[in-house]
Amino acid sequence: MNLTATARGTFAIAPTPFHDDGRIDETSIDRMSDFYVESGCTGLTILGMMGEAQKLDADETRLVTERIVRRIGSTIPVVVGVSSPGFAAMRSLARLSMDVGAAGVMIAPPSTLKTDDQIVSYFAQATEAIGSDVPWVLQDFPLALNVVMTPDVIRRIVGASPACVMLKHEDWPGLEKITKLRSFESEGTMRRLSILTGNGGLFLDFEMERGADGAMTGYAFPELLTDVVTLSAEGKKDEAHDLFDAHLPLIRYEQQPGAGLAVRKHVLKLRGVLASDAQRKPATSASPIARKEIAYLLDRVAQKDKRVAQAAGAAKGAVA
Amino acid sequence: MNLTATARGTFAIAPTPFHDDGRIDETSIDRMSDFYVESGCTGLTILGMMGEAQKLDADETRLVTERIVRRIGSTIPVVVGVSSPGFAAMRSLARLSMDVGAAGVMIAPPSTLKTDDQIVSYFAQATEAIGSDVPWVLQDFPLALNVVMTPDVIRRIVGASPACVMLKHEDWPGLEKITKLRSFESEGTMRRLSILTGNGGLFLDFEMERGADGAMTGYAFPELLTDVVTLSAEGKKDEAHDLFDAHLPLIRYEQQPGAGLAVRKHVLKLRGVLASDAQRKPATSASPIARKEIAYLLDRVAQKDKRVAQAAGAAKGAVA
Amino acid sequence: MNLTATARGTFAIAPTPFHDDGRIDETSIDRMSDFYVESGCTGLTILGMMGEAQKLDADETRLVTERIVRRIGSTIPVVVGVSSPGFAAMRSLARLSMDVGAAGVMIAPPSTLKTDDQIVSYFAQATEAIGSDVPWVLQDFPLALNVVMTPDVIRRIVGASPACVMLKHEDWPGLEKITKLRSFESEGTMRRLSILTGNGGLFLDFEMERGADGAMTGYAFPELLTDVVTLSAEGKKDEAHDLFDAHLPLIRYEQQPGAGLAVRKHVLKLRGVLASDAQRKPATSASPIARKEIAYLLDRVAQKDKRVAQAAGAAKGAVA
Amino acid sequence: MNLTATARGTFAIAPTPFHDDGRIDETSIDRMSDFYVESGCTGLTILGMMGEAQKLDADETRLVTERIVRRIGSTIPVVVGVSSPGFAAMRSLARLSMDVGAAGVMIAPPSTLKTDDQIVSYFAQATEAIGSDVPWVLQDFPLALNVVMTPDVIRRIVGASPACVMLKHEDWPGLEKITKLRSFESEGTMRRLSILTGNGGLFLDFEMERGADGAMTGYAFPELLTDVVTLSAEGKKDEAHDLFDAHLPLIRYEQQPGAGLAVRKHVLKLRGVLASDAQRKPATSASPIARKEIAYLLDRVAQKDKRVAQAAGAAKGAVA
């Protein structure tokens, strides 16, 4: 099941579950994988930046990839983040991922790239490295990566690499960029690309209306993402916004650079998905005050979306 | 009326009004100044980054400063952004500002600063340049300025400069920073500082609960900021969150780096505050699609806060 | 005398002379201006980064510009650095400069520019701001400005602005860039541009051979620059290298980011050009050990270039 | 043979030899290893930035490390660069290196570090990751890594980690930093550290006089480095400078960011050390014009240092 440019829906960004002592937690990996499928996700992305991919060594990376892909890779497509400091390591992980059944890989540009030509050239070399048969996702995340790709640069990258089938869009601001890319398609100067959006979902409501195909982000309630994507795709605009707005205070709270992963893992633990919210070093964690704030937010969201009630209850118990 | 560390409430960040052809619009300056006073703002900050300060020449800077300070400077304190590439220009503007009646000035660090010592040293030299009698606000905005100040560095700056009486806090994430700074005060290692928060108000609800004294930001509905600050200060937590959440979708939409100023000026024009939403080059503007999105958001917010109804109606008419 | 694309030779980058207490030293300004003319410079560039331009306020900037241009502007062309945070200030200084008789202005890109299009657009707006009748120099200095311009981007800028007549080339590495730009000219895709090189002269020997028209930098012995440029232009390759290599240990020593200006001003003081080597804050200075190192270097260079003997003697006396 | 703070002399930075097709060239690895020993190097550093370490996958990294350490690790200490995006990979490589007989490892800070505390904390965590029994070298290279460490930060790092025994000093400017660090030692606030300097050797002459213990850099004539270090250590100042200055034009030419590695590998190929000067992508290469410039420089240096004559002859033949 290879990734294609027709992909739609919600690809959750999965964290990597650890035990409190930092060992990889395989039981939680299994439970989490099932959870995303059951939440209506149409795909899963592992070993991205929020998956603490850089903190694993080569053997661990292989273990996590194999375990998740083998468990759910025949149910929904699994995309593996293969960004690496060099092309040899990128190639090794990409080939391994495809061998065990991944649907594609995701590549982010290194922050050393400056000019348009450097960016285009980098992805041409990356494609050559991983092999032209591996479908891949272009990650566009200037806030974190400090690489700014204009719509024209994205078009050049896509034009040079038939295997680039998807854009993980998380430029900020990014709404006009979606509109521009879709106009390239409609004017016939760029082939169709699946566009899934990130940034924790902070602009998902309008991103869908601008032409996104769905979300690729890790908000701890993927059900919200799948619902907003579906409602929006069905043209139920007001309903999509109503539901989105109900979660927005928490989405916003989770979308704090660095600190956000601690919130996300904390909520997934409250939900029973992860056994521990531990991160490997360098780690962030939710302070006692932050946990109270999360509990308060969960309680408020639960008043509008009853699927949040369990987590709200668990949070209330935990901070009591 | 000099700025002191006891300042509270909402200091609006004022844009600079231009005519469509780029000339400064003095009539809008007057109307806008009155508007902020009438909206309940307890202070006004002019010539900040969102005030396009860098786009004015020396004569224009003087004109804007004098006009605003003379109009409302005896009613509410006016803070003037004096960040400059060099200390001579900073001093000139600071002295001028105080001479015409400003309450204080605001200084942001240049993005060339790297180490803790460089940051501390810079502000010591800045204080020396403007004169020790000028109260000043420390702007902490890593996302835009690329200078990261730890709480300890802020404490060192404050310790070295008695005239530093306020922190414009817009680190992101920033909640723990407020808590840390207040703990410095309670443990007696840092004197009291007024902390007003920025970032478009995106975290104002919790920032108040962490110990902020108010907001210093430019959201196009300052009434919302003043209300949230007041409700929170009065301990009406749920009411503060209810009101805040009603505006959050729009606050979030306005808080887009670069693009946000176009949204803000557009809404202020809809509100009748500005005659034009023009920016000087390099400029951003709200696209026709964006204006429809803003109209949609205003309409939704107006359903919960009737003070938004006029703007919502104007927006609906404009995109029809 | 307007700057044109046929400019050749050495345009010295002038420091700004201050008294020890930080006031502008007008007597040294006059002496320094004459010194550069007498040293064989074919032009002079003032208020560049090494001229501490940012540390002057508007009145001082005007004073320095007028004084230098009026003294020597009819003898050799004077270029005024007008880089500013905004276009209004840039325009004011550019018009003033041309009014008092400058030959052209120099513009560096702000470090916020990221993409090719942003860079090209910035210079189009800058040209519009200063007026199409003002000849200007494009400063390409990625190490200090963090803006990387490919040869193609430079071609686009030049193509869009007929008044761009010169490139201050200080990319590092930069030799291939000169070759590429000259190939654009010979293939007819870019009109002729005067290329003067910076970086303290560290690669001047080979830059000339690659096609540069001369130097635009501030090495404290401009005679060396003018000689190397002349010898190279005359095809006396070995002689050019011999002379260059004799000075290289000192050129290298002066070419230390930040610290270099202290070396330069110290040597110019030893030469009797400046009355003081003071910088305005934030300032660097040559430590006692550094001054001994400079004395040692001057002594060694003087053994090969007797024009250095006076400075070497003065240095020896000063550290004794 | 574990690395200690008494290390002196020249630790060459080794490139990684590839065949023209990008495969690792084991024959050249052996020859190169012997070459460095025969050139008088007192140590060897492999898999640094100029060793294209990031371009190897895990298996290749192991191969290169084992092969070099086993060949010469009992003759001179071998230091292995273990900088990694995460601590797990860093630990794996550090343990492997020590297991096969390396003398220590080298760690550079990631460019994401901003504040003093972040830097200190990072190295504390790195030390914990690799194990307190592994001697390590702190790499201080702001130009390439964009992390600025003050002398005080280095002192804090050294104080927190007894296994930090050496500083690879390549700040620029960096002379005052060496003086400051040595003053910390003499005043008793920091224990003794071996300081070896980088930057291609561009300031080696004065760095030795400031208190450096030697060089750690990759100039293609390590004999020059070992001689300058020895002469300087023996107090033969003028002789050290005479020899250094003879090579300076070429040292300067090799010290071009990015392009320098192509020069270095090209010269090492001319010397018969490497069979190919190929780099893995993203690669730089010496253009035909650059090769002529190198030939010219070699010819000039050979007139003063006859050990360069062979390479000069080979270069002349190659460009004929």
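By written order: A, B, C and D. Residues from 1 in each chain.
Basically, a contact is a pair of C-beta atoms (placed from the backbone, for glycine too) under 8 Å apart; a residue touches a chain by one contact, two chains touch by 3 or more.
Values in this document were obtained by computation on a predicted structure and should not be read as measured data.
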Interface repeat test, B-D vs A-C, A-D or B-C, passes over-half contact pair overlap for A-C
Select, from A-C and A-B, the pair of chains that is joined by more C-beta pairs in contact.
A-B
Averaging C-alpha coordinates per chain, one finds the centres of chain B and chain C separated by a number of Å equal to 39
CA centroid of chain A to CA centroid of chain B, Å:
33
For chain A paired with chain C, centre-to-centre distance based on mean C-alpha positions, whole Å
48
Which residues does chain B have that touch at least 2 chains other than itself?
none
Of all residues in chain A, which touch chain C in the complex?
114-118, 142, 148-150, 152-153
Quick one: in the complex, what on chain D touches chain A?
52, 54-58, 60, 84-89, 91-92, 111, 121-122, 125, 128-129, 280-282
What residues on chain D touch chain C, complex-wise?
172-173, 175-176, 179, 202-203, 205-206, 209-210, 241, 244-245, 248-249, 252-253, 256-260, 287, 289-290, 293, 300
